[in-house]
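The structures come next, written out as structure tokens.
In the two complexes that follow, chain A is the common piece, with chain B as its partner first and chain C second.
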Partner chain A sequence: MTEFTLWDILRNLLLATRWTIVLSLVSFVGGGLVGLLLLFLRISAHKAVRIFARCYIELFQGTPLLMQLFIAFFGLGLLGVDVPAWLAAGLALILWTAAFLAEIWRGCVEAIAKGQWEASASLGMGRLQQMRYVILPQAMKIAVPPTVGFSVQVVKGTALTSIIGFVELSKAGTVVTNATFQPFTVYGLVALIYFALCWPLSRSSQMLERKLNVAHRNH
Partner chain B sequence: MNYQFEFNWLAQYYPEIVKGIGITLQLISIGAVLGIALGIACAWARALGPAWLKPVVATYVELIRNTPFLIQLFFIFFGLPSLGVQLGELQAANIAMVVNLGAYSCEIIRAGIQSTQKGQFEAGASLAMTPFETFRHVVLVPSLQRIWPALSSQVVIVMLGSSVVSQIAAEDLTFAANFIQSRTFRAFEAYMVSTLIYLVLAVLLRQILAVIGGFIFPRRAVR
Partner chain C sequence: MSLIEITEVRKSFGSTEVLKGINLDVQPGEVIAIIGKSGSGKSTLLRCINGLEMISGGSISVAGAQLLDDQLHLKTLRLKVGMIFQQFNLFPHLTVGGNVILSQTVVKKTAKPAAEAMARRMLDRVGLGHKFDAYPDELSGGQQQRVAIARALAMEPIALLCDEITSALDPELVAEVLAVVRELAAEGMTLLMVTHEMKFARDVCSRVVFMHQGRVHEIGPPDAVFSNPQTPELKQFLGVH
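Moving on, here comes the complex of A and B:
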């Protein structure tokens, strides 16, 4: 039987961490773009569009991410194409992230004083112009801390993609455990690597929030 | 796409689904009660507790909040036996959920405690209450009332997150869906049905927590 050193285990886990990082980035950027679109729908002037966006958000926030992954994995398969795990994983995570980001950003947009909408409307701006030149620049400032905070959830969410067979950090943990029979060490290391990825994000979110609060108090 | 949807299997397999719903509800009930209790204890320790305890609790909270629930579950179920702690899959799932919710609710409840006006503590002290008595009788309930909506959302999130306990073979709703799809090969339909059930459970749970909140906090919030 082969002996595995701690370095062997760690090296394999770190190699798999690359895929956790790539998937997190793809989900976050993709989710951000879809989320922005969803935000516009969510605060649209048309009631039907608003309701559609609300249902989308409710659906994705009210069901387990794991189920969404399963449905993406098996649902895409129904179209008759062979679905690789990374595609289902990326798609489900993007749609899931979008729902949460849209809701976070809606809160930020609604936190902007109503007078800003009225003032920009009185200057003859259309709705898109209002968003582009008046509302979003202000909302973006308060949106940064919760958005960075949510990125932690995205990184942790990628762990679930191991269940549909995408090989990232968690899956590598399972594979390495099966080879080494050292679950305590392996899962301990996996947890520490996740912690090393997530903690800086959590901390910077908290620090940004504190900075923003100080800036607001000086007004 | 010429796929025929078929839900005939529901007639045969609904007992599995009902059982799965039962386990999921059992897990979240125990998880919510013990998790919030742990959260209150940790929030007290972090906001008002002795100095040596604060970094210990802070480390626990940060470790849990920055690692995936799945890995916490695997660590407890697969990792702890090598320390001699053997756990059944339901026990491991319960412990993981309590530990997870404990960390998140600690932060939420702490925010409630810290938003308490200083005068409340001073009033308690002026009535010759010890700091702990003040916390227990004056500060705790209004603090919980202020953060109850946030706490409710977190309980719903943990309930939805509990779907991964199927990975250690705890027989919850997701486990039932996996079982059904392995028997019927109707994967898409099985997951569709269970996803809808989760949605209903989430909506119901939110309502139940709102009702419970109405019972625990009959009066309006005091700041």
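Moving on, here comes the complex of A and C:
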């Protein structure tokens, strides 16, 4: 029987970590773009558009990410669309991230004083101009800490994609355990790697919160 | 022809009728003070004139621009009337100069250098040219309000709406803001101001409107309104018996 050293285990896990990182980045960036679009729909002047965005957000926030992954993977498969695991994983995570980011950002936009909307409207600005030049620059400041904080959820969310067969850190953990029969060591290392990814994110979220609070102390 | 024509304007919030048929015509260069108890509808009337509140009935037009509920009409109207608020509402993320430049470049598509020159002229006019690069939170309330006036003036409106612009200021800062308004009035700017500064209204205004329960209760030149109030409500409001 082959003996596995700790380094063998760690090396294989680290190689799989690359995919966790790539998937996290894709979900976060893609989710951010879709989320921005959703934000505009969510606060649109048209009621039907607002309701559509709200339904989307409620749907994705009100169902488990796991179910969304299953539907993206198996559901589309049933319709005859052959979806590879990476595509289903990426798609589901992007849509899921977008729903949460849109709602976080909506809160930030609504935190901006009503007088800012009124003053910019009185100067003749249209809605998009108000958003772009007056509201978003201020909302972004408050949005940074919770957004960075949410990225931790995205990183941890990628672990679920192991169930549909995408080989990232968690899936690699299972594979390595099956070969080595050392579940405690392997999953212990997996947990440490996740922690090493997430902790800097949550720390920077806290630091940003403190820093940005100082920056707009008077508003 | 009147510059601002307010005809049979009604406004309800839910089932509460706040404006119950207001008629008011303002001539070019007139300075109108709107006084009355809180809840009399004076601020709502002002906010209806530039479409911050939509009217439920009647019509408003400013220099031929009708108040209608669509972006194009609203923009046309708002380019004709500027508004200044009790809470200043400067953009905190921009410098004083940036505040005055922004809407010129964004709304009127004025080139940056021209907008900046205009901003400097307007800031000089309110005595704050030297604060061009400061941020709003570095200024006193009185200075912030003067920047807000410069910001509105930079859009070259034909009339200005002032919504209790000195009410949020410390007493010692009120004078500097009123001095700017007084100058504007002397230069012929059409002004509609909701105010509690009775002495100022008396000195500067051409007409005073007393509002009570959503109606224009009494209207006239300041001397008549203040020295010879006709209705018991106005007498009570002014504290004369």
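Criterion: the second predicted complex is superposed on the first by the 213 of 219 C-alpha atoms of A that agree within 3 Å, B and C clash if a C-alpha of one lies under 4 Å from a C-alpha of the other, contacts with A are read in each partner's own complex, and residues count from 1 in each chain.
Following the convention adopted for this analysis, a residue touches a chain if its C-beta (ideal position, glycine included) is under 8 Å from a C-beta of that chain, and two chains touch if they have at least 3 such contacts.
Quantities reported herein were computed from a predicted structural model and do not represent experimental measurements.
When both complexes are overlaid on chain A, the residue A:V134 reaches chain C alone and has no touch with chain B.
Using the contact criterion defined above for the overlaid structures, shared-chain residue A:G173 touches chain B, although it does not reach chain C.
Here chain B and chain C are compared by how many residues of chain A each touches, and B touches more. In the superposition on chain A, contact is made by A:G124 with chain C only, not with chain B. Judged by the touch definition given at the top, the superposed model places A:T5 against neither chain B nor chain C. Overlap of the chain B and chain C interfaces on chain A: none, as no residue is touched by both. Put simply, chain A touches chain B in their complex at residues 59, 62-68, 70-71, 74-75, 77-80, 152, 156-157, 159-160, 162-163, 170, 173-174, 177, 182-184, 186-188, 190-191, 194-195, 198-199, 202.
Those residues of chain B that touch chain A in the shared complex are 1, 3, 62-63, 65-72, 74-75, 78-83, 156, 160-164, 167, 174, 177, 181, 187-188, 191-192, 194-195, 198-199, 202-203. Touching chain A in their complex are the following residues of chain C: 50-52, 71, 74-75, 78-79, 82-83, 85, 87, 89-93, 102-103, 106-108, 137, 148, 151-152, 155. Against chain C, the residues of chain A that register as touching in their complex are 113, 115-116, 118-127, 129, 133-134, 137-138, 141, 216-219.
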